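Each of the two complexes below includes chain A, the first together with chain B, the second together with chain C.
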Partner chain A sequence: MRAQAKVIRWTDGVALLYFALALLFIFLPVGSLILFAFQDGLAPVPPFKGPTLQWFDKVLHNRRLMEALWNSVLVGGVSSLVATFLGFLAAFSLARRDWRFARGAQLLLMAPITVSYLIIGMGLQITFNMMGVDRSLLAVGIGHVVINLPLCFAIVYSQLGEHQANIERAARDLGAKEWQVVALITAPMLWPTLLAAYFIAFTLSWDEFVIAFLLSRFDVTLPVVIWGLLRSGLSPELNAAGTLVFAISVAIVLAVELLLWRGRKAVANG
Partner chain B sequence: MRFHFSRADLRDWGLWPAVLWTTLFFALPLAAMLAMSFAERVAGKITFTWTLANYAAFFTRAGGTFVQALINSLEVTILATILSILVAYPLAYILAYRVPAKWRRILLVLIVLPFWTSYVIRSYSWLLVLSQNGIISQTLLDLGLIAQPVGLGNSRFATVLGFVHFFAMLLTLTIFANLIQIKDSYRRAAADLGANNWQVFWHVTLPLSLPGVAVGAFLTFVLAIGDYITPQILGGNRELLLPQAIMLQIGRQADFPLASALSMILMLVVTVAFLVSAKRLKMERV
Partner chain C sequence: MAEATPRVSLKGIAKSYGETIALAETNLEIAAGEYVVLLGPSGSGKTTLLSILGGFVEPSGGRVWIDGSDVTDLPPARRPTATVFQDYALFPHMSVSANVAFGLAMRRLARAQRLRKAEEMLALVGLKGFGERGVHQLSGGQRQRVALARAIAVDPAVLLLDEPLGALDLGLRRQMQEELVRLQRQLNATFVHVTHDQEEAMSIADRVVVMKDGRIEDMGSPSRVYLKPASLFTARFMGENNLIEGQVIGSVNGQAAVDTVLGRLLVDQPAAAGEKVHLALRPEQLRFSAELGAQALGDAEIIEFSFQGTHFRVHCRLAGRELMARVPAEGPPMAGEMLPLYARAGDLVLLRQ
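Coming up: the complex of A and B.
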């Protein structure tokens, strides 16, 4: 490795240049979003004047946005909890029993991933219509469980190995009841995975628009309000709102990353 | 396997709540939509007449607007998928083979960070960059490369760009995950046998990394062709993609039977894409 590092090839320069350009491409839009959220002026376009915090102040005092923010937290918080819980139960049961139709069950559970959110949302809208159920945040939450359940299931299932099964067996042999095995052995061993699944589901729900748009009526989530604001064109207030939404997503993603990193470190040390 | 059913044993019933949820709120709604696609709207009321009129409407109504929407969707999606692969592959390659191992994780997190913005905000951000007085136009003006401001938004170019931005991140992940699994010894063996760098890449690395490309390409195709937000915000109203046509039927017209039929056609296209890529994957394993 050390011998290799000393050789500097011209392709390394090309690689570095490509990497820098790719990063520029990736961060150009979100960078402009954040920069012009601090714009001291009415148009979020160059030249940049500022910085000012007035648009963040405006967003934080916008009642509609703040209500929507709370709705988003509620829908995301509860639907992710349900998705993680159901995903864990299914993954545990599939990993610990030889189901005859295991393959079929897995296909069914993973199927929503291949279907457009638009179609999932519309199907639910039609079904709720037929049953006479009104559009509401609850309906949105149900839809978000549908899209997040496959992910939560897959994440937990991939982490359930023989390693835990052996410890579970040992606990059972020592007289632990089944619920004690799950609550005191399996779940604690899996907690970084479960938390990661929960937060990933939360971020996806937090950012989701189409299903929330189709299934909500009076109480709406944040992306739906932002969608409505888009009609009036570019504005620094929209930039500020978008920056806040992005900041919260990033904070969650980084928390997950930290969690997984510490989990790996614990495994490596233990 | 011994089966002793007790109510307390999670292993025996844990599968069912998730299966029930997916059946009730995913499979059943799809079935309802399928039924709806054979229904008819008579005087604003939906009646199940088991007609094929909605599918016929796909071909005939509004001078072939819907067929054109499907063609537009396919063109935009395929173009976006190819461009995303071309952007993502070198990035994943550099990350897997040129970046020191300890930097990999943090760079990977950095690269996919904007992935975690919502479609709505990401598309809006591109509008900031592409609009007539936006960053690209301003920069080109300042450099003296153009004389008049150019608006790059509201076009197919903008839609494709928005897609490539998002899906290049996704493809970088799937290709990178594949590349780091290829054993170093394969590449070294090829080099020992006299292959130059280019030959090692062409005959060893590339073929072995194709499954990662295929998985990412399939995901890109599926997610892009079903996306309503990006074309709606970035594409403007110059041309319709299929999801926009579907949304128009739900929103303005409240024509659920036609919207359902169009959705079924969209799902059929995705299924075909899945079968094609699944077949490809199997062939490559042989």
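Coming up: the complex of A and C.
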């Protein structure tokens, strides 16, 4: 019998071309953004002259951008921590307690995923207004907890299976109190999942513009500053700032993938 | 000798989920130092009974007593029981010795003592020097031993084993059965072990409790339950059996005469005339001569046979009934050959429906 893999058909060529075009379509915007961050000139438009690192140097010495970067790290870091923590507690409780409304509660918790950020942002603006909470980084952070909590809940919930429940039962059987079960068994056992949930929440907060724009005033996050600069025209400095934001996102996504991969490997060996 | 307080006493324990009865009202006493095996097919209620004993399932009725105190309302953590789970349920993020010492840490034992005891327990289950390893580095059999060491480390009054050998291959299972019995004798502990494997039950139990449909069908020493089953289900479930329907003609001197397709047979058990019964006879109890007053059943035709090492397992037909017999290895049978069959009144077991 002839090996089928050796036969090359013309349809394979078409498929390959299609694949290349699709990749180009997806990556061209990001690619040109990154390319013109190295533009040796004042306009980030072709032809490409360069490369140079002067725009990155400028970004790193732009106080407004650096302050915004720090604000983004602060908002993302703290709001993701809160979202992961609350999501974990909710998931643990709903996965473990035999509650007749558990299914309904789960749907209710996940519902915000389907609502657009604009609607959530407007709702929060109105609510904060009524409560007398000023637009601030705190308000933005609360907004990011609102959008990330459902996601963190869903990620942790999916990992709390019957095998994990049995492990917790074993701990209880050996005399562990409920808080000891959570602190010594469940949370450490789930740490790759918890870290993955944290980093996914962080990247979403890091990139988020609409809620950050609606709920902040003087102290703003990085996407809001970049948007402000965009209004005064294109500059390679903005490309450099965007490239940095993108690079940090990619680094975090890679970290998540690595964690999940290690988690799966541990499960496969377990 | 005065009647000692039983280690475990289940009084009127029942469990239902809505309309479904998982366990009908059940009474069971277990003595200290006894190895009890709960045996039955899936859905027989054996695991429910074990879970109620461990405190993981709340009974719908009845009380659980351990060493004379009522533990029905106590959570697993506060019961003097420890469980070996079917999937082992080891703590994946801890070392072997941290796993074994976990129960002791919960009892606030000092670290040095804890580790010493863990080392001792690991040696007891044949895992000396494995303490520093991660759980992921162990084989299935080794994990089983860690689960066992972790449970016995807290000196439970009763050790509960939920199908502990189910995931192991046959050779390892046989070996672990022997080790469980050795360990139980050595610790002089009380073990309650759930399984659906009747060979496993017979080889390790002091007492087998046969369960079916949420009820205890039969209970006794493995040899008694095997040789003199108390119910039709037990006779069928415990190994191979020949079952012959019949009707009781009458009883004299504690012996019943039963009319069957194989003729009128005497059984060493009294029964009322007219009763419809089954007679059970193990394949190895079918004899081939009239020695020791065995009753003639007739000549059976050999249909097929297979060599089993110590004997031939012979499938034969008599009066339209298929029977299973065992022929010694030195007298090989032939298909189509006629085999005279005899049965002793003392070997036949009379079973009511």
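Operating definition for what follows: the second predicted complex is superposed on the first by the 260 of 270 C-alpha atoms of A that agree within 3 Å, B and C clash if a C-alpha of one lies under 4 Å from a C-alpha of the other, contacts with A are read in each partner's own complex, and residues count from 1 in each chain.
In this text, contacts are C-beta pairs under 8 Å (C-beta built on N, C-alpha and C of every residue); 3 or more make two chains touch, one makes a residue touch a chain.
The model shown is predicted, which means the values in this text are computed figures rather than measured ones.
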Simultaneous placement of chain C and chain B on chain A, clash or fit:
fit
When the two structures are overlaid on chain A, which partner does A:Leu194 contact: first (chain B), second (chain C), both, or neither?
neither
Now for A:Ile185: first (chain B), second (chain C), both, or neither, which partner does it touch?
second
Considering only the touch criterion stated at the top, classify A:Asp173 as touching first (chain B), second (chain C), both, or neither.
second
Is A:Val75 in contact with chain B, with chain C, with both, or with neither (first, second, both, neither)?
neither
Contact-wise, after the overlay, does A:Leu160 reach chain B, chain C, both or neither (first, second, both, neither)?
neither
So, A:Phe25: does it touch chain B (first), chain C (second), both, or neither?
first
So in the superposed three-chain picture, is A:Val220 touching just chain B, just chain C, both, or none of them (first/second/both/neither)?
neither
How wide is the angle at the Cα centre of chain A, looking out to the Cα centres of chain B and chain C, in steps of 10 degrees?
100
As a test of reading the superposition: which chain, chain B or chain C, is in touch with more residues of chain A?
B
Between chain B and chain C, what is the shortest CA distance in the superposition, whole Å?
7
For chain A, give the residues common to its interface with chain B and its interface with chain C.
177
Could you pull out which chain B residues touch chain A in their complex?
1, 6, 8-19, 21-23, 25-30, 32-33, 36, 87, 90-91, 94, 98, 105, 109-111, 113-114, 116-122, 124-129, 131, 133-135, 138-139, 165, 168-169, 222-223, 225-229, 233, 243, 246-247, 250, 256, 259-260, 263, 266-267, 270, 274
Please name which positions on chain A make contact with chain C in the complex.
163, 166-167, 169-177, 180, 185, 188-189, 191, 266, 269-270
Which residues, counting only chain C, touch chain A once they are in their complex?
54-56, 75-78, 81-83, 85, 87, 89-93, 102-103, 106-107, 135-136, 150-151, 154
In their shared complex, at which residues does chain A touch chain B?
12, 15, 18-19, 22-23, 25-30, 32-33, 36, 43-47, 86-87, 89-90, 92-94, 96-99, 105, 108-109, 111-112, 114-120, 122-127, 129-130, 142-143, 145-146, 149, 153, 177-179, 182, 203, 206-210, 214, 223, 226-227, 230, 234, 238-239, 242, 245-246, 249-250, 252-254, 257, 261
